[in-house]
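This is the structure I want to talk about, given as structure tokens.
By letter and in written order, the chains are A, B and C; residue numbering begins at 1 in each of them.
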Amino acid sequence: MSLTYHLQVVNLLAAILLLIAFAMLSQRRIVGLITLFAWQGAALATSTAIVAWSTGQHHLYYSAALTLALKVVAMPWFFFRLVRQLEVDREVETMLNIPTNMLIGIVLVIFAFNLALPISQMAGTVTRSTLGIALASVLLAFLMMIARRKAIPQVIGFLAMENGLFFAATSATYGMPLVVELGVALDVLVGVFVLGIFFFHIRETFDSLDLAHMEKLKEH
Amino acid sequence: MTAGIVLQVAQTLLALLLAPLLIGWVNICRAWLQGRSAPPLLQPYYSLRKLFHKDATLAHEASPLFRFAPYMIFACMVLAAAIVPSLVNDLPFSPAADVIALVGLFALARVFQALAAMDIGTAFGSLGARREMLIAFLAEPALLMVFFTASLISQSTELPHIVERLAHQEFAIYPSLAFAAVAFWMVSTAENARVPVDNPTTHLELTMIHEAMILEYSARHLALIEWAVALKLYTYSVLGIALFLPWGIAAAGDYTSLPLALAALVVKLLLGGAALALLETINAKMRLFRAPEFLGTAFLLGVLGMLTHFLLEP
Amino acid sequence: MEIYWVIGIPFVGGALLALWGNRAHAPEVNAAFSLATFIAAAVLTARIIADGPIVTPNEWFFIDPFNVFLVTLTAFVAFTTALFSRPYMRIEAEHGRVTAPRLRLYHASYQVFIGMMLLALTTNNLGILWVSMEGATLATVLLVSLYRTPSSIEAAWKYFILCGVGIALALFGTILLYFAAEKVLGAGGTALLWTHLNGVKGELEPVVLQLAFVFLLVGYGTKVGLVPLHNWLPDAHAEGPTPISAVLSGLLLNVALYAVVRSKVLVDGALGTTLAGNLMMGFGLLSVVVAAFLLKRQTDIKRMFAYSSIEHMGLITFAFGMGGMVANFAGMLHMTMHSLTKSAIFFAVGHATQKAGTQVMDDIRGLIKTNPTIGWGLMLGAIAILGVPPFGVFASEFLIITTAMHEHPWATPFLLTALGVAFAAIFGRVQPMVFGETELPRLPHQPALAPVFIHLALVLLMGLFIPPYLADWYRQAASLLGG
């Protein structure tokens, strides 16, 4: 271990990110899921800020601030409000049983680590070893989206996936060019806004946010 | 060498003394957190004294095994408490302090406990034994995974080496230990019959696990078992400290830092006990059939810890 | 600086319509903005043909013959669709299926959607390409659920989630691409600029690019509607308003495919193998075959033509996967033909379903009696899309299949079988709808179907005779893409 301490902290945060991804996978309550999502954003923002500080990549400060503002404050607040307005805050989700989910999750993690190994060896960044974790969080979020049957958890899975991608960008390349990152953030923001409207439509039409009602359009 | 033996004896005695205090402290914290008036700190001692003064009642069907079991369990726990480094590293018993042996020691105690519980042939005893074995069957692999993660870092399964590596060499953050720590907490709650897997204060037939096994015991047998339970909690706490917060343990042969080590141990135990009480207060006991899921998660976290070690700590 | 006009007009239009899109004349304003965009695009095209590829001084935009042809196509179909949507949406509003605020949303989103697609086509930055692709999805999600029926909401949800996941994978691909590029070009803004990347593509790390391409193909491929990631497409087409089905099918799929092809050029340069091409051929062929066999089972007319879009996008992907001058040429020609024909079909279908009050094919009968214009429009469109000569689709399909026979003979039986099955399925369905018996009276008024016949006339013209300058232009573009 010849890494400096702040990079070890980044590694630790990466591990926490993965831990949160797993916790999300096993979380049944929607409110708990939102909290976990906020924590994941916080871990992400902190690690981005540390990378920015230790490598002198100043544009990463903006990314960190953006993450903090959007994913730790704005979106969880928005989701909490939504959950209250839609009165789904006590809802417990039925889904694929959790141990199976977890096992698939482990397999995905191993797959992601292996996939990332050759790439991270090529990377010139000090944070390269976290690329595997980033990829693993993306895949875990993906799994979560597949396993969930309710609208809000699916969207949180989608956003968690975006978190993982963002982390991948930071760890492999110290982040994308700023203009791209701003664009991505804008897209995500608009996306969440559109979804907010959408939730109300779903709710209005189906009287529930349970996507099990949405099974009309199947292949005949 | 003699100093080593003296210290070894001292550390073991310390464990015997501190263990009931730890239980007392956890109970106090829990009472505070739940807004009840707290029992005195020495309450576990009072209970032990009371039990030792009573006459033992034995069931007619009890075999010698039933009477022998408490001593066996107590001995196992004392040995376990003796070999886990708490004050000083690398004592005379240290060569025995292999993590796999430690898991075996716990398993031995558990087997006797379960056999004794079934010995009388009451429904509760068998039920408790069965539940206990189910939990243990799931908890042990998870515990081993936690140990393996720590061993991977130090390249050794011997506790003194692990502690030496973590406490006395260049400081480094090991992300894999974050996973291991969470898994360890989950396993310890199961192994020590604490919330959320079991509730040490309940005697409700539907939910109790550990208490169901010791219903038939009384007087000195019960005292030994209660003391062993306290020792087990103490051993797990010290083990957790050794693996995840080892700073402060005196290095081998370094007797000048003993007072500091003692102070560090006490502070860490106080904090750990408070944390345990807090976790027990905010968590509810889960239904028994959720326990496999809980421990399965612990196991997976242990595996994740190992994987993370390979990825992040080359 | 026509390029700024091309991008700017739709966004300005979107902003204006967001404010006044519920006024009575909003459809005309929408069409006017689309016309202005088309004129700007035409001027831009003229300049590219005259002067060759241009890069704006700030390197934000890059236009070469390949993307300018798509820009023109997009602007043109967007304009004709705006013309079509003018009466169509009025009638929908009269039927009470949409309210004034929703019409405002519709018009504003329509312009933003067109703007996003044009931005995706012209940007030089692969990151911005991603951003605008996602923007195009977001602009249309609420359009798919415009009618607020349970199934339209379900379709929109599926569209959002599936495309969201796909686009997230594409983002990972883009990150990997940036990661490989950064080593050669250095960190910062230039490493994602296509013009720079294209210059150094031989030096990019092959292992990383390989992986990047897989992610990009799967990601953008979801948007193209490649099997097995096509699930959103039939639903979104069937449940959204017909003008949106027309632009989704005719334009958005093209733009997504454009992103894939751009990535392929880079990856081919870096790898020096046919991996990218093979992957595209595989996905393309699978889409053609699966979609053709699913066509037969459709009962909803818009769903059926949505599957036909999957089939044709598969065919185009296959063509670009083969690579080489002829296949690229054929691919681009087919893109053009498919866009024009499919949007024409959707226009005709839109009127047909509006008049019949249903999208179920069994309930639509005898269009030729009730309304000959719609009947002939649908029939000719179906014949054109099925690749009957002398329509242009025949020419491009013929080129693709002969090239496939020449270079990948194993694929030909699959292609021919699929095309045959698709022919039987679509023709078998359309024929009774147009010529079947009906008791319904002849409709009193004529629908405005000028866009249908303009498109079909163009397709017919291109099938009979491709003007030399056009052929030359396509050839230039095809050679840019390489093998």
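In this text, a contact is a pair of C-beta atoms (placed from the backbone, for glycine too) under 8 Å apart; a residue touches a chain by one contact, two chains touch by 3 or more.
Values in this document were obtained by computation on a predicted structure and should not be read as measured data.
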If you average all the Cα positions, which chain's own average lands nearest?
A
Check: interface with higher C-beta contact count, A-B vs A-C, is A-C
Could you grab the centroid distance between subunit B and subunit C? Build each centroid from C-alpha atoms only and quote it in angstrom.
65
Could you please state the distance in Å, as a whole number, between where the Cα atoms of subunit A are centred and where those of subunit B are centred?
36
Rounded to the nearest whole Å, what is the centre-to-centre distance of subunit A and subunit C, using the mean of the C-alpha atoms as each centre?
31
Where subunit C touches two or more other chains at once, the residues are none
Which stretch or stretches of subunit A touch subunit B in the complex?
1, 3, 5, 8-9, 11-12, 14-16, 18-19, 22, 26, 98-99, 102-103, 105-106, 109-110, 113, 129-130, 132-133
Under the touch definition given earlier, write down the residues of subunit B that touch subunit A in their complex.
170-173, 175-176, 178-179, 182, 292-293, 296-297, 300-301, 303-304, 307-308, 310-314
Write out the stretch or stretches of subunit A touching subunit C in their complex.
115, 118-119, 122-124, 135, 138, 142, 145, 151, 154, 158, 161-162, 165, 168-169, 172-174, 176-180, 183-184, 186-187, 190-191, 194-195, 197-198, 201-202, 204-206, 211, 213-214, 216-217, 219-220
Listed in rising order, subunit C residues that touch subunit A in their complex are 125, 127-128, 130-132, 134-135, 138, 141-142, 145, 148-151, 153-158, 160-161, 164-165, 168, 171-172, 174-176, 178-179, 182-183, 187-189, 191-192, 205, 207-208, 211, 235, 238-239, 294, 297-299
